[in-house]
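Letters A, B, C and D mark the chains as written, and numbering starts fresh at 1 in each.
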Amino acid sequence: MRLRSDARGVYVIAPTPFHPDGQIDISSIDRMTDFFVAAGVDGMTVLGQLGEAPKMTHDESLAIVRQVVRRTSFPVVVGVSAPGFAAMRALTQDAMAAGAAGVMIAPPNTLRTDDAIVQYYWQASEAIGGDVPFVVQDYPLTFSVQMAPGVIRRIVAENPACVMLKHEDWPGLEKIAQLRAWEREGAMRHVAILTGNNALFLDFEMERGADGANTGYCFPDMLVDTVRLAAQGRRDEAHDLFDAHLPLIRYEQQPGVGLGVRKYVMMRRGIIASETLRSPGTALTPSARAEVDYLLARLATKDPRARVTPL
Amino acid sequence: MRLRSDARGVYVIAPTPFHPDGQIDISSIDRMTDFFVAAGVDGMTVLGQLGEAPKMTHDESLAIVRQVVRRTSFPVVVGVSAPGFAAMRALTQDAMAAGAAGVMIAPPNTLRTDDAIVQYYWQASEAIGGDVPFVVQDYPLTFSVQMAPGVIRRIVAENPACVMLKHEDWPGLEKIAQLRAWEREGAMRHVAILTGNNALFLDFEMERGADGANTGYCFPDMLVDTVRLAAQGRRDEAHDLFDAHLPLIRYEQQPGVGLGVRKYVMMRRGIIASETLRSPGTALTPSARAEVDYLLARLATKDPRARVTPL
Amino acid sequence: MRLRSDARGVYVIAPTPFHPDGQIDISSIDRMTDFFVAAGVDGMTVLGQLGEAPKMTHDESLAIVRQVVRRTSFPVVVGVSAPGFAAMRALTQDAMAAGAAGVMIAPPNTLRTDDAIVQYYWQASEAIGGDVPFVVQDYPLTFSVQMAPGVIRRIVAENPACVMLKHEDWPGLEKIAQLRAWEREGAMRHVAILTGNNALFLDFEMERGADGANTGYCFPDMLVDTVRLAAQGRRDEAHDLFDAHLPLIRYEQQPGVGLGVRKYVMMRRGIIASETLRSPGTALTPSARAEVDYLLARLATKDPRARVTPL
Amino acid sequence: MRLRSDARGVYVIAPTPFHPDGQIDISSIDRMTDFFVAAGVDGMTVLGQLGEAPKMTHDESLAIVRQVVRRTSFPVVVGVSAPGFAAMRALTQDAMAAGAAGVMIAPPNTLRTDDAIVQYYWQASEAIGGDVPFVVQDYPLTFSVQMAPGVIRRIVAENPACVMLKHEDWPGLEKIAQLRAWEREGAMRHVAILTGNNALFLDFEMERGADGANTGYCFPDMLVDTVRLAAQGRRDEAHDLFDAHLPLIRYEQQPGVGLGVRKYVMMRRGIIASETLRSPGTALTPSARAEVDYLLARLATKDPRARVTPL
């Protein structure tokens, strides 16, 4: 199954579960994958930035891909961003052979002109194979690369294999609106727009024309519900659910420390066995852990999913 | 009255109101200042980044300072950041002569080492006059300068005139905790820590040891209440109030577009006459305006302050 | 006299001479200006980055402009780059009223997309007055803004008042070639291209289509000769002269320390009275000074202009 | 043989020769290695930035290490910089097992405080094995990471395995002087300081206390001679030789295009078979090639090594 430009819904960004000694925790990967299936997600992205991709060897990366592809029937997207095309191509080819649906590519943070960005994606697509469906990751906060709407349109026009935008520009609501306006005018073909940034603006992004979420907030089940409510036009209900989670969404969206929050909550929810990060990684301090516990306790009064067993 | 290191509470960051033609709107400045007084703020900062300081001439800047100093009895802090020390000194001297309580200095975004940052503040203090109380603005998201906690400690140690930290690192909770730990251990003298970032983490910042807020969220009256509740240890009440405002706080915290949101809401609230920004400035699109209206309507069900007259 | 797009030759970037106490040294300004006239330069740019512009107040800046305009008959260009348009407009209007031929504008280092750069120059031109001739400064090493050739073409197309490019991209030879190719094809109107970067590539820049130099190397008289030889097609002679100076050119081109080198040599040559920089500025260490002396001694064996009186 | 802190002389940075189809050219690697031996270099660094390391897979990288280690008796240093420690450790272990003398590590370009840089090297050393000798690459122009002298001293103090600094800060002469002063005062243990930046300041770097060169200028034989002359105190002769090469050194030092210049000249000299770069890579334009030919022709009148067979 290949990723297509009519994808929609929630493509959850999966963390990589580790044992406390840093080894990959296969049984947690399985449990987490099953949880995602049960939650009703539409797809799954592994080995993104918050999947700790750069901390994995090629063989480890491939083992993770194989593990999740075997266990699911929905599309699996693989982050293949790398400082050079040789490693990007090698992982892409092995991942696609293992059954991945497509790959995600972030821009190197040295790109500084429109032309340089457009050229990079053209070269990358050529390097990995022009028939491999790919997702453009537009995340200036982390990558320091600003893609104007017109740049995204050029990438889409030049690369038939570009099928999805992982949109996490900030601010980004007007960018979604611009891309959708071009599509309506026939000035740009349709690609899926799924949004990231830990869902911090998911409520309004759906209303501006996004097709869903492509992020890894520790309650993917809530993302599924919010996207469904928004797609059904049940605006107030979507916002009510979203607002209940916003204090925690905001806390988890912090750069650096956010992944520790995400893994901690997923551990508290019984989805993965350990909150371990590979080095270099920022473990939560006791104060931060207590703050997350407090946020969970408050959230549990509004959404029963947040009721976790006391430690 | 000079700004002192025992400052606490809310020092509101004031926008600069303009007439639709871009001229400074003096009567809106007065009305806004009166509103701040009535809201119970403890001080006021003018000519910060979101006061559109770089878009003002020296004479305009000075006129604003004079206007607000005349009308208030609380301390007025003046942003004097400039690419060179000559302009910084000129504005500082005129502002202090006009009755300002102190100045705020942001680092130029070329500083890349601890020593360079420390040296910059030493030179700046010397340039403006070593007796002028100053606030260090620590805002890496906008200024691209990362100040490790140890750097702030060095700045405080070297400059007796440094009395306040405008803390808006992100993430920043551990930084507050570290600075307060040093203070308890006697390894750092006390300076006021007031937090920014549109109050996005004010709930926990207070619990970590902040002395208040130094930001410009469009409901400064809510900042006053949150800071007071937190200072009184009424934790759940503080969070309840904070959470009610969080959807709007988050929306206003967007870089670039945020100032337009702030001015629009302050106009809707009747505090200023026009939402005009000086060029270059990002005006709200009709979609964004409608989103803010929707957020205000939702907020009004929880906080009556948000009930605005329909347009 | 207004700056025009058919400008050519050497527009020397002038340092600002200070007395040892940091005050502006008017008589050194006069002596330096007379030296430039005698050297045969075609124009002069004051208040650029290496004119220490950000360290000057508005009034000081204007005094400098008046002093040099009075004393010369060639065009004087004034650097008016500022973090906001209010200060930029104020200095532009006063400088033009004082007889300046045009202004130079560098981009703020936050611009990250083609559209943002183009829009900035359009707004700046509107702010200073659409009839004021201006120079685009393209200096990515210092400003962190990358202008693709197409961006410069768009700026030229949208702004009739854009008459010159101060080209200091690095590498930059292909950019000159591209712009000149567009001009030959009728795809871009002619603007003057004068090159900077302390002349480090002046030899080949002239061969690629540059119209001259717009830099401040401590031997502007050598720049005049090199540009003339190159314009006359005396290639080997141009390179021979250039190569003799290259060891010193390279030494002076160092960021930060370079301006100290420039002022030291101009002081040794008797052009200005003191090598003083305003704070913050990097004074030469004794080792650096000795290295420059050694370079001057070596140069003097090839170019008699470098014979300076022993200290 | 392990790399030691008393290393000195020329450690040439080797490019990676490719066939025109992008495959690694083993026989050119051998011919190039033999040339380095004959030229009298003291060591060799493979897989640096200009060895196109990020464009290689792990297996290709290892094959290159094995090929050169087999053919030489001098130390071979291997660039192992990677976005994560897993890949860094994997290549280090395989390279050391294959006979490498040590590894070189560049900082990731997200590091922004002194503490973050120091911590990174500590974690990296732990990750690759605390007994593996390593070289710190200090190259702010490319990596955007500024290491104050005190940071380098801290890295050296905390990591016994740190034996060499590849110094390419710019400007950098005072940094060498500062480190050497600390060493003389007993405030810092000795590490080798070899300089990069295509040798643009090698003449004075040697006089400031550098132990040699660690760069890849297309005439490594000239680097050997310059370092020897400088070490023997034959100052004028060192500068005469250096100055003869400076026009070409400067041309090759251009970012981006420089590697194409280097490979082109090495091809013209018969050292490698093809100037091919892997994608993405900037091939020389015909104009650039003609300029290099002209520089070689001029150089040949001063240094017979530059006499190449006409094309």
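Couple of notes before you dig in:
The criterion applied here is as follows: contacts are C-beta pairs under 8 Å (C-beta built on N, C-alpha and C of every residue); 3 or more make two chains touch, one makes a residue touch a chain.
Source: prediction; values computed, not measured.
Least-squares overlay of CA atoms from chain A onto chain B yields a rotation of 180° to the nearest 5.
Of all residue numbers used where chain B meets chain C, over half belong to both copies. The two sides are thus made of the same residues. The mean-CA centres of chain C and chain D are about 33 angstrom from one another, to the nearest whole unit. The distance from the centre of chain B to the centre of chain C, with each centre set as the mean of the Cα atoms, comes to 38 Å.
If you average the CA atoms of chain A and of chain C, the two centres end up 48 Å from each other.
With touch defined as above, chain C holds no residue shared between interfaces to two or more other chains. If you draw each protein chain as a dot and join the dots that touch, every dot ends up joined to every other dot. Residues 170-171, 173-174, 177, 200-201, 203-204, 207-208, 239, 243, 246-247, 250-251, 254-257, 285, 287-288, 291, 298 of chain B are the ones touching chain A in the complex.
The touching residues of chain B, counted against chain D in their complex, run 112-116, 140, 145-148, 150-151. On chain B, the positions that touch chain C within their shared complex are 52-58, 60, 82-87, 90, 109, 119-120, 123, 126-127, 278-280.
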